[in-house]
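In what follows, structures are represented as structure tokens.
You will see two complexes here that share subunit A, one where it goes with subunit B and one where it goes with subunit C.
Right after this comes the complex of A and B.
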């Protein structure tokens, strides 16, 4: 491997890894911190993508301007969904394990509901548009579409923001306390009834942002969500539940490993590579790379 | 600027709606003062097709819109001509959810217990592979618009007909065109399923003795999200021609990533989806000069133009028929219509009618040898100034090949 090829592969891997990390951040809030295994995560991402695509092609709104809109719309939806479903579950489940199992069922229901709703509204056609697709050289003879670089930058910025939020603010401490001991958190005066929907909404909002950015780089359909959910699950498991830095690192590392792997073998081995890394890490560190006890 | 992603659309809706549509149109036709339509029993036509799940993209672009358009046109004319008597078409249609099992079960019910008069095929090679033997057993003529597999031909099912050109003629046409245009080296990527593998095998055979060499071949899985590393290594080998044996999302992915890394070979070919209007919408000026699987456009004949216009009128300017399988789906319906007009609903007679003659259609004369349509030769299309032109073979060309491909815009 010449240094140029290595640099090319590294850069490609980092950009793809940025996608993985971005998709994983929202799920990490929901599952990593609240034990809501939201298998409909990819579906909410899809909603963000369709909102952006529709606004851009029908009204000419810039997809970048749609980023906060998608975030707000999905976050509001998240509050609503939480109020209708997970709040009741949290109140009636005897412990976190039962809550997790019941939550999973609810999430499956949401997955079908959201996917079919999107199908009814937008139809099954493959959709896409052209935005910021000009090639930008980043040095060393390597160039990327501008929209991908934006995506990587947003992934890095959001991960950094979440790390700061969770580590340094009172809100973040409250959220972490919620995770470590729900009962203890309530005892020290943390209002779980407000914090829960907030974190869930934040998770969905992030899915909306991810969908918004992905719609610039990939074609979209109502069925596009599921592979992203799987990728997100792998990434947060690798990184350690609840660790935003871990998710970022795991996403980027997975991207780089896949890029090199695909170069030396073929893209058909991509899944084998991803799962081999996944299994190896879990054998070595069953709680993920960055879990803190 | 085209708007590929419109707000909520009104085109295709679930089962009941489609059936009601057909029924309503039928009822209207019956109510009209037509001597033929009076009190005629409907012709019940059954099918299952993907409206949800991963197959729905292809199914809702190239196939079901044609079924709906066909029923609407026939019913507006008073119904389907059954040996001189007009009878309204009534669809018994449902979503197969992109599941083979659901698909097979639905057809078993349609043919076994519902005993519909006719069936229309599902979408895709895999579903047709599963349903074709069943249709053969129940002796329902089956004119499949979207199945591409040599193995389906080899099964020699007398009631089964493939309307699309198969891998061998398609790859032979491509190689002949590349050779004539002076290409020396070829690199390929192919999706690792039945479609990709069969086309890859056909490409290798076609390249033998052509004087061209294959400098790189790599497979990729369905649903791939990144072809960057492969395309970069192909770029380093600087082939004259790039051949992507790809499905619609990957066709667009490969094109976007090639543009991204500045990989601009003299010939850039991608398979399914290149002939979709979506490709032009997404790639915009970058579509110029890109080659792909195609066999017709509205310039081909007056009938092709009439079909194209009717499709756009019914489904809107954002839902043009694609320049490959859509036309073949329509041709299948034209043949079926002619068969029923001639021999009625006797399925054995329909089968014999289809198998025997040469059938004039919007895309040209269709003729079957066994299951295979040998009337329409393999072809290559190319985006030129916003239209997907047929550039090979010369006998069907609507424009001349632009080579080398201009730089990605």
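Right after this comes the complex of A and C.
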């Protein structure tokens, strides 16, 4: 491999990996903190993408301006969903294992519901629009569409912001305490009834932002969410459930591994490769590769 | 065995015989459409009953039904070119059970969400692996099944598999094996302490579930005349099975049977005209059922019924 090709593959991998990391961060908040394995995460990403696409094509709103809107809309939806389903589930489940299993089934229900409702509303066609699609050279003879670079920058910035938020603020301290021990957190006076919907909403909001960014670069369909959910699952398994730094690193690493793997084998093996990595990690290191215990 | 236990055994076996006999007369008087509806019902009765046999009692949430169904379908599609029908279907069952035993001994130490996610990932891995293999080796995506048996042969085979699945559930519930499975569902460590060989029991249970799914796959896929990995490894087969089991009541015997019939009738009639609406309703129903009826529809009746049938504290997985 020549240095130019390697640099190109690395850069491509990092750009895709940035998306993976961003999608995984939201899922990781929900699973790492609340034991809600939200397999409908990708569907909410899809909602963010369609929201942005509709606003841009119908009203001419800039997709970048839609970012906070998508975040707020999805976060509100998250509060609503949490209030209607997971709050009752947490109150009626006898223990965490039962809660986790039932939560997973509810999430599967949400996946069916949202995906097919979107198909009813928007139809199954591919959609897309052009925005910031001029290519920008990034050095070394490699150029990327500007929107992809925006995507990577926002993904890294959000990940950094989230990590700083969790590390330094009182809110973050409460959230981390909840991750370590839900009962202990309640004992020292952390209001889980307020924190849970907040974090669930934050996770959905992040999915909305990811969807908004993705709609700039790729064509979108109501069925686009599922592959992102699966990739996010792989990423948080690799990075360790509940570890934000791990998710960021694992997302970028998976992007790079996929870019190189597809270069050396063939694109039809991409899915096989990622599932094989996923199952291997689940079997041998179910706590993730980067967990510190 | 107490008299009431003998009574319930006689009642369950009698109900099963009556239902199977009634269904067996259908090809003589029903239309083509009625038979294909009944075929779909029998398929999901077999899948849901066999799923509950292992997953309902041990509370392992397996999403791998589609994987075993697909393995059976592929084994059947390859074997039917050369072998008689009476061997093709058991072959599908054996292939699926062998994979289940192999996978089960590697992954059944994982519990809860890990197991659910892993079985889902396994189905997808198999689907993509078969797709890649077909592209690389045979150069096609799907397979055309040229030699399919008659409609009634397929119908009676699937009906027999469904009856066998329910019959096996009836027998297993009353056996030491069934008690061991239920013990694992209550508290695995306690069961192991009391001398249950939990690992062996779990692998055996998982393999039995897979055998039924594989047999159903081998028997029904020939009806489709063309199969490809996306249709036979469709995760939706697994989801629908789990949904039927949970709505019907995973810990009960007749709940999943009733739910399978209702859902298949709904699916076959609504899916063609309003597919998205059907799936949306299915999602909503799943959520409502998990939230408000965690023991399933079958558990409602048992609350007033005999003491031996009361639902467990945790209800469905």
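Observations on the structure shown:
In this section, the second predicted complex is superposed on the first by the 280 of 293 C-alpha atoms of A that agree within 3 Å, B and C clash if a C-alpha of one lies under 4 Å from a C-alpha of the other, contacts with A are read in each partner's own complex, and residues count from 1 in each chain.
The rule is short, and it goes like this: contacts are C-beta pairs under 8 Å (C-beta built on N, C-alpha and C of every residue); 3 or more make two chains touch, one makes a residue touch a chain.
The model shown is predicted, which means the values in this text are computed figures rather than measured ones.
Legend: residue contacts after superposition of the two complexes on their common chain; A:135 is shown touching subunit B, with no touch to subunit C.
In the superposition on chain A, no contact is made by A:197 with either subunit B or subunit C. Shared-chain residue A:205: touches no atom of subunit B or subunit C. Contacts of A:116 after superposition: both subunit B and subunit C are touched. By the document's definition of touching, of the two partners only subunit B reaches A:53; subunit C does not. Legend: residue contacts after superposition of the two complexes on their common chain; A:271 is shown touching both subunit B and subunit C.
Contacts of A:101 after superposition: subunit C is touched, whereas subunit B is not reached. In the superposition on chain A, no contact is made by A:242 with either subunit B or subunit C. In the superposition on chain A, the residues of subunit A touched by subunit B in one structure and by subunit C in the other are 115-116, 119-120, 268, 271. If you check the complex, the residues on subunit B that touch subunit A are 3-9, 11-14, 50-54, 56-57, 59-61, 98, 189, 192, 218-221, 223-230, 232-233, 236, 248-249, 252-253, 256, 259-262, 273, 276, 278, 281-284, 286, 319. Here subunit A touches subunit B in the complex through residues 5, 8-9, 12, 15-16, 19, 50, 53-54, 56-58, 115-116, 119-130, 133, 135, 142-145, 148, 217-219, 221-223, 227, 258-260, 262-263, 266-268, 270-271, going by the rule given at the top.
Within the complex, the subunit C residues that touch subunit A are 59, 61, 106-107, 110-114, 116-118, 121-122, 124-125, 128-129, 131-132, 135-136, 239, 242, 246, 275-277, 279-280, 282-287, 290-291, 294, 313-314, 317.
Of all the residues in subunit A, the ones that touch subunit C in their complex are 35, 37, 85, 88-89, 92, 94-95, 97-98, 100-102, 104-106, 108-117, 119-120, 230, 233, 268-269, 271-272, 275-276, 278-279, 282-283, 286.
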